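Shared chain: chain A. Partners: chain B in the first complex, chain C in the second.
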Partner chain A sequence: MEIMSLVVTGLSIASILLLVALGLAIIYGVTGVINLAHGELVMIGAYCAWAMQSFFGLGLLASLPLIFLATALLGWIIDRVVIRHLYDRPLDTILATWGIGVMAQQAVRLLAGGELRYVEMPEAMNHPVSLLGVEIPIFRIFILGLAVALFAFTWYLIFRTTLGLKLRAITQSREIASCFGVNSNRIYGLTFAYGAGLAGLAGAVVSPLKSVAPEMGTTYVVDAFMVVVLGGVESLIGSVASAFIIGQSSSAVAFYANDTIAKALVLLFIVILIRFRPQGLFAAKVRS
Partner chain B sequence: MRNRDLIQYLTYGGVCLIILLLPVFVQDAFLLNKSARYLVLGILAVSLSLSWGYTGILNLGQATAFGLGSYCMAMALKLRTIPIHTGAEGLPDFMVWNNVEKLPWFWEPFYSMPFAIVAGIAVPVLIAAGLGWFMFRGRVTGVYVAIITLAFLVVVNLLFIDQQRFTGGFNGITDLAQLDLLGFTFDAYGASSYYLIAICLTFCLFFALLVTKSKAGLILQAIRDHENRVRYFGYDVARYKIFAVSVSAAIAGVAGMLYTIVMEFASPTFMGVQLSLSVVIWCAVGGRQSLLGSMLGAILVAGMQGALSESETFLDTWTLVMGLVFVLVVLFLPKGLAGAAETLMGRLFRTSGHPSKTAATTQGEAPARPAASRPT
Partner chain C sequence: MKITRRGFIRGAAAAGAIGATGFPYIWNKNLSLARAADGEIKVGVLFSLTGTTAIIEESLNKATIMAIEEINAAGGINGMKIVPVIEDPASDPATFAEKARKLVLSDKCVSVFGSYTSASRKAVLPVFEKRDNLYFYPTLYEGRECSKNVIYTGAVPNQQQDEFVPWLVEKFGKKWYLIGSNYIYPKEENNYCKKLLEGLGCEVVAEEYVPLGHSEFSSVVNKFQSLQPNVIFSTVVGDSVVALHRQYKAAGLDPAKMPMASLTTSENEVAAMGGEAAAGHFTSAPYFMVWDSPENHKFVDAYKARWGADKVTHFVSEPSYFQVYLFKQAVAKLAASDITPPNIREAIKGEGMVAPQGKVLIERENLHTWLWPKIGQCKSDGQFEILKQSADWLKPEPYKAYPNMHCTEAGLTES
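Right after this comes the complex of A and B.
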C-alpha cells in the first residue's frame, strides 16, 4: 500500500514536471536557446489564473485557453524583441533570458504585490477518487490527463504537420532549411510562443496546488531543465520518460531520506549523467 | 605590444591606488564597511572574469568557491568567540541547540588560524579542480558546463542548509569574533579591514593579470577562441581548463574569507544561485574580457544596487531597471563597458595615426560562435 502511494505521488510530480518541461524542451530542442525565463512564464501563467479568478470571476478551466494565448503572445514578443538577436550566441541567451526573468519577477511583484496568492480548485474536481488503491483528488488526475493530452498534441504538431516538418528541418540544419525557403525566423518565433504558452498553461494548472508567488518560477525552471537534459534535447518521448524517472525517484528518496537530500541526490545524478551522456538518456542517433 | 602592456599595468595600478587611498577621504565607518563589501565582490568578479572572460568557461557556480572560503573563515572565527556565545567546552551555540555533544572532527583544525586561511583557499581549489577534472576530461563544453556548475552549486547549497548540526543551516554561522592576525585586529567597520581587503584586491588583481599575461594565460585565451585548434596543436586542453578554474576558485575563496570578515557572518546565501548569477551580471556589464572591467562592473552594479535600494522610491523599480540594463548590455555590448571603452580608445588612437593599435584591440573580439556548438 505504501509503495502504491509512493508511485501515485511520483506520478503526480511527474505530470507537473512534464507540463513545465514540455515547453522548455521544444524551445531548447528547436532553437537551442536556454530559456531561463521559462520559470517566470510559468509564474505569469499562475498569476493570470489568479487575476482571471479574482477580477473577472472566471473559473480556472474557462480561463485556460486565454492564459495559453496571453503567455504565448508574451513569448512571441520576447522572441521578437530580444532572443531573435542572439540565435548565433547561444551562451548569451542564458544571460539575456535570465535578465528577462528578473524583470518579469519584479514587474509582477509591482503589479500584483509580493504576498502569496491563492487560486481555487475547480469545485467539481475537489473530490478524491481512488487510483491504484490510493485516494487522490480528481484534479491531480486532470493534470495527469492534461499533461498526456498536451504531449500528444505536441507530438502531432511536430511529426504530422507541415509546421512540424519545417521545424524539424530547422533543427537539423538551419542554413539548409533556409535555402529551401523555410522562414526560420518565423518558425523560431512561433516555437518560442508555443513553448511559452505551454509554460503558462503549466503555471495555471499548478496554481491551485501551491501558493502563487513571484519567486515560484525559479524552482520550476531548474526542475524542468533537469527533465530536458535527462531526456535528451531532441527527444520528446525522452522528456516523458525522464519526467517519470525524476518524479518517481524524488518521491522515493524523499520517503526514505528527506526532500532536501532527495533534491541533492537527483541533481548529482543528473550532473553525472551529463558528463557521460550529454545527449541525454533517450536521444536518438542524429547525424550532426 | 610592450607599450600597450605598460598602459594596462599603469591603469590597473592607478585604480588600485585610488582604492587604497579612499579611507583618507572617507571616515564614516558605515560607508567604509560598505565600500569594503563592494571591493570583496569586485575580487569575486575578477575570479569569474578569469574563467569566463579569458577561458570561455561560463561557471554559473562561482559562488561555490566563494561560499566555501567564507565558511572556512567563519568556522575559525566562530571558535574564537568569547564563551558567552558558545556552549560548554567552547562548542558553537548552534551545535548546542542541535544537540551536538562533541566538536566534529573537521571543526577541530580550525582552532588554528593559519590552517583556516590555507583551507579557505585549498578547499575551493580542490573542489573546483575535482569538478573541472570530472567535466573537462569528458570534454563537456559550453552550455553543459553552465548547467553542471549550477547544479553542483545547488547541491552544495542544499547540503549546507540540510546539515544544520554542523553548518548552522539557514542561519549560517553568526556571532563571530574579530579576526586577529599579526598583531592587528580587523574590525569590520574600521579602516584596518578596509586596507586588508584593498591590499588583497590589489594582489588578486595583479596575480590574475600576470596569469593572463603568462604563456599559460595565452593558451587559455586560445582555448576560449578555438578549443579544437588548440587541441590539434597538441596542448592538453583539459589540463589548462582545470588550471583556469582552480586559479579562479582560489581567488573566489580569498574573496569569500574576506566577505566573512566584513559581513561578520557566513550564510548559505553566500553560495546561493542569486549571488552566483549576480557575479555573471557584474562581469557582463563591466566587460568579462577585462579583469579590471569586471571588478569595476561589480563595484558599480553592487554599489548602485546598495545605494538605490536604500531610497524608498527605487526600492521596487531597481530590480526591474537592473534586468533591463542587463538585457541591453547582452544585446548591444557583448564585451561590456570595458569593451566599449577599448573601442573608444582604439578610435582615438586611430585618429592620431596608430593603425596597429586598433588591430591589437580587436584581437580579443568575441568570436561568432559556430552553430555547431549547439547540442545536436
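Right after this comes the complex of A and C.
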C-alpha cells in the first residue's frame, strides 16, 4: 500500500523530469550543443500557456499544439541566428546559450512583469482518482501519458524515419554524412527547433502544478542536466531510465527522510556514478 | 621630482595623519549641515526592484514612497521635506550592504527604510551599527534579534502565533504537521510553535523542511495523506507556496479537514496561485487588505489611486507605509539641528499612531512594535475573511522562545 503510493509518486516525478530532459537530450545528442537556455525555453512555454489563457481565453489542452509550434519556431530562430555559427566551437555555445537565457529572462520580465503567474488546471483533471488503492491526481496521470507519448514519438522519429536516419548519420560523422548529400545545417536547425518545442511543451504542462516566474527555468535546466548526464548523452533510453531512477529514489528518500536530503543524496549518487562511469549509464555506441 | 621609497612612505603617512584627524571633522560638519540644510531631510529607500524578491519588494518600495509623498504634500516635517534616495539592491545581500553604506556615508541619510528577507537585514546590520544609523524593517520575521539600530515594525513569532495556534488546536485538533522552507525563519517559527503545542498537549507528527524554490511536492502531499494531520502548519515561502497549494488541491485534499495554517501566505501569494487553490486555508497576520477601518480604507484607496486599481496591499506593505509616519512623528519632536539617527531613535521610543491595522506603538525596550494579530481565512476571490482579531494588542517579544534571554534598552541580557 505504502510502497504503491511511493512508486506512483516516483513515477510522477520521473515523468516531469523526462518531459523536461527530452528536448535537452536530443539537442545535445545530435548537435553537441550544451543548451543552457533550455530552462528558459521551458519558462517561455509556461508563459505562452499563461498568455493563451489570459489573453485569448484558451484552455491549457487546446493551446498545447500552438505552444509547441511557437517555442519550436523560437528555437529555430535561435539556431539560425546564433548557434549555427558556433557548431564547430562547442565551448562557445555554452556562453552563447547562457547569454540567450539571460536575455530571455529579462525580456519576459519586461513584457509580462515580474510577478508570479498561474495557469488554470483543466477542470476535468483537478481532482484525484483511485487507482490500485492509491489516490492519484488525474493531471499527474496526464503528464505521465504525455511524457510516454512524446518519448515514443521521438523514438519513432529518430529510428523509423528518413529524417531520423540522416540525423543518426550526422551524429556518427558530420563530414561523411555531408559527403553523402545530407544537409547537416538544415537537420541541425530542425533538431534544435524540435528540442525547443519539447521544452516549451514541458513548461506549459507543468505550469498548473507549479508557479510561473521569469526565474523558473534555472531549476529545470539543472534537473534536465542531471537526467541527461546520468542516462548518458545521445541515448534516449538512457534518459528514460535515469529519469525513472532519479524519480523513484527521490520519492523514496523524500518519504522516509525529506526533500532536502533527497535532493542532496541523489546529486551525491550521480557524482559518484559519473566518477566511475563518465559516459553515463547507457552510452550510445558511437565511433569517435 | 623623483619618487623614492622613503619619500613615498613619508608622504603616505602624512596623508594618513591628515585623513585621520582632518576628514572626520569635515565629515561631521558636513553631516550636520546636510541634515538640516535647505529644509530637506534625506532618507534611504532600500528595496529590491530587480532579482528574485523584486516581486514583493517592489510593493514595499511603493508603499514607502506613497507615505513620503503624502507627508510632503501635507507640509512635510516642521516645514522640511523628506527627500528619498532610492537604491536598488537587486535581491542580493552583498549589494544590500554596499548600497546601505552608500546611503549612510555618501548620501548622509538620517534613516533608511528597507529589506524584506532576513538575509538582507543581517547583511546591512553591521553598516548601521558601526555608524549608529537607523534601519526601519517592515517584515514579519523570526525574532531573536536585539539591535538598537533597527526599528522592527513587522510581527515576531509570539505576535503571530499566541492566538493562532490555540485557536487552531481547538477548532481542528492536536495532530500537527510542520512544513517550512529550509532556512532560519521557518526553523525559529517552528521552534516557538512546538513550545506552544507542547503546552497544549499536542503531537507533532512531522517537521519537515524543503529546499528554497522547491516545487515538487508530491512526496510531501503523499505524507499528508498517509499521516492525516489535523493541521498543516506552513512556513513555506516564495514560489514554493504556490506549488504546494496547487498540488494539495490537485491531490483532492480538503481544507475543511486538514487546513494549511500559514504565517507567510498573503494576498500577494494568493494572487499568484489563484484563489481556488488558496480557498479555505488560514493565515495569521496583523493586517489583511479587507480589514474594515477608516484608516485602512484610506490607505487602500490611496494605494490603488497612486499605483493602479489592480494592486493589492498586504501585511508587509502596511508596515512599510505606517513606519514612515512613525519616523515623521519622531523627527517632528526634534529641532532641525538635532536630527541625527540616535536622537530619532530616542524620540521614536514609545511613539504610537493609528495605522491601517489599528493602534500601533514602538516598544521602548526592544524597538519592536505592538501589533493587532488577526486570523484570516482565504476565499476563492483571492481575499481573506477575517474570523478573529486578538482582544488586545500584543507586545512584541522577540526572545519569547528563549525564556532566559531578554532584549532591553541596554541590549541583550541573559539571566
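Note that the second predicted complex is superposed on the first by the 285 of 288 C-alpha atoms of A that agree within 3 Å, B and C clash if a C-alpha of one lies under 4 Å from a C-alpha of the other, contacts with A are read in each partner's own complex, and residues count from 1 in each chain.
The rule is simple: contacts are C-beta pairs under 8 Å (C-beta built on N, C-alpha and C of every residue); 3 or more make two chains touch, one makes a residue touch a chain.
All values derive from a computational prediction rather than experimental measurement.
By the touch criterion stated above, A:I270 is placed in contact with chain B alone, chain C being left untouched.
Residue contacts after overlaying the shared chain place A:H85 against chain B, while chain C stays out of touching range.
Shared-chain residue A:T260: touches chain B and chain C both.
When chain A is checked against chain B and against chain C, the one touching more of its residues turns out to be B. In the superposition on chain A, A:T191 makes contact with neither chain B nor chain C. In the superposition on chain A, A:T9 makes contact with chain C only, not with chain B.
Of the two partner chains placed by the overlay, only chain C lies in contact with A:E215; chain B stays clear of it.
Where the contact sets of chain A with chain B and with chain C meet, they give residues 258, 260, 263.
Taken together, the chain A residues at the contact with chain B in this complex read 32, 34, 82, 85-86, 88-92, 94-96, 98-103, 105-107, 109-110, 171-172, 174-175, 218, 222, 225-226, 229, 233-234, 258, 260-261, 263-264, 267-268, 270-271, 274-276, 278-279, 286, 288.
Chain B meets chain A in the complex at residues 58, 60, 134-135, 138, 140, 142-144, 146-148, 150-152, 154-155, 158-159, 161-162, 273, 277, 280-281, 284, 316-317, 319-320, 322-324, 326-327, 330-331, 334, 366, 368-369, 371-376.
Contact residues of chain C toward chain A in the complex are 52, 54-55, 58, 182, 208-211, 213-216, 218-220, 222-223, 225-226, 239, 242-243, 246-247, 249-252, 269, 271-274. Interface residues of chain A, counted against chain C in their complex, comprise 2, 5-6, 9, 12-13, 16, 114-118, 120-121, 125-128, 135, 137, 139-140, 208-211, 213, 215-216, 219, 250-251, 254-255, 258-260, 262-263.
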